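Handing you a structure now.
A, B, C and D are the chain letters, set down in written order, and residue numbers restart from 1 in every chain.
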Amino acid sequence: MAGPTIDHRSPKFAELTYRVLDRLGKVFKTPDPVLLFPSSGTGAWEAALVNTLSPGDRVLAFETGHFATLWRNVATRLGLEVEWVEGDWRRGVDLSTVSDRLANDDGHSLKAVLVVHSETSTGALSDIAGVRKAMDEAGHPALLMVDTISSLASVDYRHKEWGVDVTVCCSQKGLMLPPGLGINAVSRKAIDASSSATLARSYWNWEPVLRMNEKGFFPYTPPTNLLYGLDEALGMILEEGLEKLFLRHRRFAEATRIAVDAWGMELCCLDPASNTDSLTAVWMPDGHDADEFRRIVLDRFDMSLGTGLGKVKGRVFRIGHLGDMNDLMLAGTLCGVEMGLGLAGVPHRAEGVAAAMKYLASSV
Amino acid sequence: MAGPTIDHRSPKFAELTYRVLDRLGKVFKTPDPVLLFPSSGTGAWEAALVNTLSPGDRVLAFETGHFATLWRNVATRLGLEVEWVEGDWRRGVDLSTVSDRLANDDGHSLKAVLVVHSETSTGALSDIAGVRKAMDEAGHPALLMVDTISSLASVDYRHKEWGVDVTVCCSQKGLMLPPGLGINAVSRKAIDASSSATLARSYWNWEPVLRMNEKGFFPYTPPTNLLYGLDEALGMILEEGLEKLFLRHRRFAEATRIAVDAWGMELCCLDPASNTDSLTAVWMPDGHDADEFRRIVLDRFDMSLGTGLGKVKGRVFRIGHLGDMNDLMLAGTLCGVEMGLGLAGVPHRAEGVAAAMKYLASSV
Amino acid sequence: MAGPTIDHRSPKFAELTYRVLDRLGKVFKTPDPVLLFPSSGTGAWEAALVNTLSPGDRVLAFETGHFATLWRNVATRLGLEVEWVEGDWRRGVDLSTVSDRLANDDGHSLKAVLVVHSETSTGALSDIAGVRKAMDEAGHPALLMVDTISSLASVDYRHKEWGVDVTVCCSQKGLMLPPGLGINAVSRKAIDASSSATLARSYWNWEPVLRMNEKGFFPYTPPTNLLYGLDEALGMILEEGLEKLFLRHRRFAEATRIAVDAWGMELCCLDPASNTDSLTAVWMPDGHDADEFRRIVLDRFDMSLGTGLGKVKGRVFRIGHLGDMNDLMLAGTLCGVEMGLGLAGVPHRAEGVAAAMKYLASSV
Amino acid sequence: MAGPTIDHRSPKFAELTYRVLDRLGKVFKTPDPVLLFPSSGTGAWEAALVNTLSPGDRVLAFETGHFATLWRNVATRLGLEVEWVEGDWRRGVDLSTVSDRLANDDGHSLKAVLVVHSETSTGALSDIAGVRKAMDEAGHPALLMVDTISSLASVDYRHKEWGVDVTVCCSQKGLMLPPGLGINAVSRKAIDASSSATLARSYWNWEPVLRMNEKGFFPYTPPTNLLYGLDEALGMILEEGLEKLFLRHRRFAEATRIAVDAWGMELCCLDPASNTDSLTAVWMPDGHDADEFRRIVLDRFDMSLGTGLGKVKGRVFRIGHLGDMNDLMLAGTLCGVEMGLGLAGVPHRAEGVAAAMKYLASSV
């Protein structure tokens, strides 16, 4: 006890809490509360659902990829009834389908619409403003819940302006921290819904978090080191400025897509308007195993490319370019992919790095 | 991606998982599985309950202090019915009460017995082997669940030998890590119970954790830095040896209790046989506010003593002596308390430090 | 090269250099240059001599303790002739002796006066302002060189006001850094002397350092990590404020001396007006070996007290209280000494800790 | 003092000293002593000279580049007479010149031959075994002194086998540490020479270092953190194995030279047999300023290429590839150079990265 004092019940700690929560609001672009849970991102999905819904409630969800499917599974396990719109894992949410489904729900039995903003497994972005517009046009009162795990602080996202009710996120992607914090940004409407929602909840209960946060504290032992790290990371992000940060990621993503195109390969995401800027999922030519290719790249170049998940296992590998990345790290990464394609005997033109360099050198 | 490779889906990571889980078993003294969740200790309470019980199930719990009360609240919120044995927060679980309650439960409607081993709020230890004996003598099939948050790796604890079904713990006390990992050590009987338990669960579900752990992985993004830290901490603990570590904590606790006695003050825990060795809660003389005293100690000596929690707020302050502590750090801590008592005008004899030094110098 | 850029020839590095050198001047209390060498403190002694003196030059030096003796040895080895004023290692420089020696030096053959400000081996402080006054009164033109290795940033020191020509220091005491930087603060007169001094010099040559520092660089590969650390440390020191920092060390030193007195023991330094505040050297009763006592304290309490050096080996042990120290760390240290005295069978009254606590609690 | 104990006079510290010195010998490939000084590499040059030579002694030195010239300057400043063999900074030491000069020195007035193994400013390697052979054939008794600052632990080096008397090195290149340690590996003959050498010396004196090292200590306050780091670094180097490490650096150097060739550019080093493997110095086409190019690369890609030093300022830029480097970091570095050449309008073919990738992918 004679050592350094980091008392999570002290006034100094409360200052940290206030500053972190205030800065998080700026990053989510909302004046409404943002809540932290000691958990993985999976926990933040669960928190969104158990606070706002009741057993048997119907929710609308879209099969845009692996993580949308996992979130669906969470909903099902918690006793919700999921209206599941199947998909081919190669594009974002289809807005006309959203409109159709909501139009058919005369009795407003759908209580929530679940969308993954940036599908980490496919690299496809869904149009959240478009989903909100479809909901408004249908005059549908369902809550809009959005997973921004691989988009926040990498791709433009606007919790308030887009009328999102619960935004789900976590610490280890755009916020550049180790895993360990699940995040919910919540609207007034979502908080109101929580007062009548009856799914059993204790750990994920927003109410004590909101109440304690007002005094600068948490209803659990907070992961102090992650909070200090979050404070640092948010400071860096806001100092650079969100718009500048988005442009930086856009530039890395563009360079990567230009390389893929020059290799003569295909993106997993088939809709050019829906590419996310935090990662790029590359579609493997038929007859070639993405994981075998990844294994070669890891063995030879000590670089760990993302694996294809779920349905696209073996068909896709993923290049991450979010977080602490610069031009030459990206160039090195693309060199690793290009050399790996050659070593793995994957048909390609060895011109991706050259094309990406041309783009990087000519853009700022 | 060109940076260092810590892929939580790689074979190297699997080795880490196996080693950590194996070492954890040694610390809990069990060959049965130990499961980790990215969460606070509160989450590990919830995990114990939702995996083994069904809505409306009855559980027996004892008001030994603040944390026992909080766990009770979790159970209630999750839809369980708690048979609550009230207490005065100044002793451990009364074994004859355990026997009585179980004897009265002819129909075995009680599905679980919940006990906090070391009550962090009061410094009282409950006799887990005794509770098991009472359950066995009553021939009662309820599950035994034990919170060891402030006892594991500080005070002797034996999951298997004492027949515990679910042990609840977390990372930030005896394991000397930052907060962020909730832990369940589970018996075969508990795992069996989980197959028929119907409380809704997704995040806390043991089944995917057990399944993925067998391959060395986790069903969520694991907090890799905490796992590396845990590996280090477990290595240090096992190198010192658990019995030696317990004696070390016993010695610090003895020195502290000797100081309290020499000050002419009282422990919160009224039963000398039930003092825990990880912390000491000191009872404030009537008319003196423990928090005012704590404030003076923090201001003057930059030392943060534990506050009285819940019912004993203002009546108790707590001296921690677990984790990375040595004789002179403890002596410095006691000096801070003794000087603080004087500055706060709390009646005492200024002989506690001298008595503790006498003890520390004469024991090894 | 694609990694982080810390180029010690970049403009950004130059800014660091300017800031560090400016802040160092504030701590030495001089507007004149301060020079850094990648070296131990021993190197800074050598730098002071080789830059200002010529083979065979006579210097006046005083046997105040171990480090004064070592500095004398450096001078001798470099080919200087040392007029050595013997001493008993239990007090600072005697000012009347300074006056006498200078008065006797009609021909001004003495080119420099060497004084250790705070003798780390004895805890005795020499009166630098008094030495300057004696030199001025004697109208003697010799250079005044002062070793502040264990006084800078712990005890009041004024390079400019006290008319010091070369101040010698290093990184690992009051500046709270690892060892690795030797320091010279120099007067205009010293720089002038360097232009005619003929002792061979290359590494220690001030001229290229002064020249390169003006552009923000160094004539050698600078220990960048130490410079970053120095920048941090100087920021902390100046934020606390030197006067406040001196009072803090005074208070720790007072508490320690009060404990020594209460133990019925003697200080190494026999002149109460000359105690330094950065450490306390305690004189062992006849027939008791200080190193045997130190060994016991290390074995039992993992605390490493300073050994007696040179002439006072076995007669003295040293308690350090400079750098990052607080009340309870000091109290813990004194507890370790008091328990150790008992275990080692050294005659004493076990009342030192109590007396120190009384003082610490009543002073701020 | 109650904090962690790192006492540089303790038995535990002695173990560290023994292990570090033993491992250093393996890296220098010598059973003879290796000595450490808290200093930059410049200090290690000075130590080599002052321990073995006397005022006015003649030494033979070769103008292979900037660092050879600086070492010459040190020798001159210390009062030695340097026989200086001029050069064009684009090749290593010419062996026939060595033979000629020694043959002409009938009276053996040359007391030492000074050679820089790997010239950091030019990328040219000198043939140390060849120099030794020339000395042996001439039957010349001069000491052979070699600077290995940018070759040790990157390029094959054999202190004992090549009959080197003093090897000069430092911490911040192949040993991958921060700057702060100067190193001398010494032969028996060099130690013998030191007993009659009369250059003034104190700080750099080998004798007390050798004497104290035998007990595991140092005659100065050692830079403990660097020693711990050195222990780690040596462990890593010996675990990888020196021969494997040399091949790794050879491969990076080859890839870089292939890229330079494919760009249609010239190396600074004109002798293909004398390229060092720790860095590559590239010669700028006439009319193009290397520093203007470097500025563009720093601004646009945050990569700091080495500047041309001394005579080749503006004519040369340097690519480092020693220490902690992997294929993709090197590839990223080469991408930065290639893009920078384009942006700076330097005539080149943009085919260097492609050629380097081809080589890296086909070699292991």
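One rule holds for everything that comes next: contacts are C-beta pairs under 8 Å (C-beta built on N, C-alpha and C of every residue); 3 or more make two chains touch, one makes a residue touch a chain.
Predicted model, so just to flag it, every value in this text is computed and none were measured.
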{"item": "Result of counting contacting C-beta pairs for A-B and A-D, higher pair", "value": "A-B"}
{"item": "Farthest-lying chain, centroid of Cα atoms versus that of chain C", "value": "A"}
{"item": "Distance between the centres, which are taken as Cα means, of chain D and chain A, whole angstrom", "value": "49"}
{"item": "Geometric centre distance via CA averages, chain B-chain A, whole Å", "value": "35"}
{"item": "Where chain A touches two or more other chains at once, by residue number", "value": "2, 302-303, 326, 328-329, 332-333, 336"}
{"item": "Residues of chain C that touch chain B when the two form their complex", "value": "2, 300-303, 326-333, 335-336, 338-339, 342-343, 350, 353-354, 357, 360-361, 364"}
{"item": "Residues on chain A engaged by chain B in the complex (per definition of touch)", "value": "1-3, 5, 7, 9-10, 37-43, 46, 55, 73-74, 77-79, 170, 172, 178-180, 199-203, 205, 219-226, 298, 302-305, 307, 319-321, 329, 332-333, 336"}
